[in-house]
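Each chain gets a letter, A, B, C and D, in the order it is written, and its residues are counted from 1.
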């Protein structure tokens, strides 16, 4: 990126891509002492041209690169493309497959939120203890993934028209056991971290995003719900089995970093409830509709919208009767939230010390922003 | 007062962690048991294969190629692990279950050209003791109410 | 032969001279045994270096436990103790990268100064009434505070000379933070001196024989403890080096052994301030006499208290996040300073009415 | 959650009220409304969609290339928190001279998406405050990657 002009009295700090907290991106900060006047995001360090790659793969072959777009949130990323593809192929999904999909998606959401949560702890300056604990707790989910799908992450578990495999024997019990354990652990997180006055000090009233600004700047996911606007794709356009599950949209009205962290925290709790419900009430039946892997989709266009851990991901799929899609447009949540981050310095008072906290409350995953 | 209580409570929560058991599995000497469906290296069965080539066509990474094998009449899949992404489509769509997954994950080599596995090589699964000579035991994770623990399953 | 005789005198004279030199050395050693031990071992070289080494090892192992890991494992058996020495050798053999456009003399000098200046303050700590390296009587406490008052200038200097934006922000944070932390700390120390009736550190320790000052001056105890954390840049107040914000603050540009010096400075600061903290509030070297040796048991008690305190300070590291710079200043100026003054007035009142 | 706007109501009211600015309104997949504005009324139609129908959430934007028909198409995806459908606002682009008015004056957050489309398809957005490449390197000279005639030349 060509760097824009800077006001002479400010100092420009290049933050990343080799910085302990920047991730795979670069941010330019125009600072005056500790105060940040302007944030410029420089994306594209992990651009892999996934949209172009998909044009050269078969419809189901595309699931593999899509899976690699967000490693911690694999299931939620790939279900968008899979739903679009099965609309294009005209496949029906059996009910049991839908429930399994919901289970895997919720586990993936917990996985993603736990990661964000650990990074948030590290960004506020905890020695990485909390980050390590979240990593260890994710291990339980990864073990469940391994048992169900065969891979710990980037499992391309969803096929158009169903899922890859059914539950192994005794899996539902182990899900319930894992849920029970994680609930125990979350008491510790709440008491040691969220209610810690030093943590509250760092997160309260930082980077306030008013609801009208959140809408105007195109925020999505926990960022939008942290500003008190109840938009969730699972409710807006119920996919998988979300119409049958008991859940509600979680919002917080404080609009600050703490609100976004709490939205994630409560969403984890709700996902655990959903996991338990699915494990106990899953209906019997088929898990996939047979189809040829070389099926050609008739000409048309299809849009699917799903809720990732980071927000809404829309996939626009054009097909034209060949085995490959004609074009796939992916509208990732992180790209939208990065724009919000770029404008936050104008909306509220942000200091250099706040930058890692704010960027992790936005929780961008640069691999899906860059595609 | 409640503020002070909140400030001191994390200390009380974190201090007992010192006494918990660690979550580290010391890899070269011990290894976790993988689950039944684990996607490790493939195993190929000559007697089941009908050389239909579906695996090669369905492979999204174009890692599978049909090659001739010595002592066999038809062509059989060879897998290039430089590009394989372990997506499992070849296993899923094989009409005769001629390709299956094993739990071998030790694929690291000095020379990347040796990562292209011929059908003969795919049909043999080496023993774990040959791959990792220092391996002593296989362990397994289990959950108690408050922590995750590891126990030995078997000696290697 | 005549030349040798001319130079050294005859064989007898040579013998006498040699015997004289040996006798002189023996006399020097016997008279100065204690200073030599002090320089080489207790408050001096070995104590400082070994503390830095073992503190690093302990911190790694202990925090690994808190994170449910095992920490260093292979180097030196399960304890991993040799890992620290291996790291030291690695740091020593690494290339020292000096950025272009910096004055390399100042650049190489500043990390040395950063660790050397707080080391000076250690000579004033009484390990026993007779085991003080530099006994300057009633100037002890003021001298300590004076030396430790110079110490924060060195990180400012080091950050400035590195010619790096992150280092610059880090060094200004050092300057702001030390001022806001040092003033309540000095006021609390003054309250201790008033209660003891002396600036002499030995007198302060001796007057705590019956009751540690931590009990009558509980407020000052807390304030001074926070001051120690702030001054020695320990988490949660490691704001100048906050690695998630400033890469490594004022230490960013140092590499190789220069970085090793900056790391050591952190531990030397911790050592000096913690020892003063124990001296002022936790009864210093006081403790029951064991094994009949007074000096030995005094040193033992001081080091034991020191270790317990260090363990507690290390534990704090994984419990609290760090505050922001403006919040840090607010803690220092809005809360700690008035509380320290309150403590001072309470002590004065107690002194006037003769409670203690 | 209450739904204030449903798709059939929207279509009928929108078709009638906005005849002079809108060329066509289609529905596909039951919950997507595809709107095409008249050529010289692009910005006016966008403002009407935003202000009168409350589609304030910009989901994003992207283009598609049809080399055989010698045209491209720019799509903007818009959402309203109170509706049960989204709008795809389509603008045809001349492939020879790809210039469009920038939609950032209506929906600010389209900035990143227009920058991306600019580098991937070569569409110029007039009035965009900062039309520099978003994802590609600054010295990229390999053409427009997402056009169909891109052959993967890469950087020079």
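General observations
Convention: a residue touches a chain if its C-beta (ideal position, glycine included) is under 8 Å from a C-beta of that chain, and two chains touch if they have at least 3 such contacts.
The shown structure was predicted, so the numbers you read here are calculated from the model rather than taken from an experiment.
Note: the chain lying farthest from chain A is C, by mean C-alpha position. Counting C-beta pairs in contact across B-C and across A-B gives the higher total for A-B. Of all chains shown, the one whose average CA position lies nearest the global CA mean is A.
Per-chain Cα centroids separate chain B from chain C by 51 Å.
Centroid to centroid, with C-alpha atoms defining each point, chain A and chain B lie 26 Å apart.
Separating the centre of chain A from that of chain C, both taken as means of CA atoms, is a distance of 47 Å. Here the spacing of chain C and chain D, counted between their Cα centres, is 64 Å. Chain D has no residue in contact with two or more other chains. Along chain C, residues 66-69, 318-320 each make contact with two or more other chains. Listed for chain B are residues 10, 14, 17, 23, each touching two or more other chains.
Under the contact rule stated at the top, the pairs of chains that touch are A-B, A-C, A-D, B-C. Interface residues of chain C facing chain A in the complex, by the touch rule stated above, are 63, 66-69, 165-166, 169, 172, 235-236, 238-239, 242-247, 317-327. Every residue of chain A that touches chain B in the complex is listed here, in rising order: 57-58, 60-65, 67, 129, 136, 139-140, 143, 146-151, 154, 156, 159, 164-165, 168, 177-178, 180-181, 184, 188, 191-193, 195-198, 293-294. Residue ranges of chain D in contact with chain A, taken from their complex: 1, 28-29, 31-32, 56-60, 62, 64-65, 75, 77, 79, 81, 84, 86, 88, 107-109, 111-113, 130, 132-138, 145-146, 150. Interface of chain B with chain A (complex): residues 3, 6-7, 9-10, 13-14, 17, 23, 34-39, 54, 57-61, 85-89, 92-93, 101, 141, 143, 145-146, 148. In the complex of the two chains, the chain A residues touching chain C come out as 11, 13, 19-21, 33-34, 121-130, 132-133, 136, 192, 196, 198-199, 201-202, 351-356.
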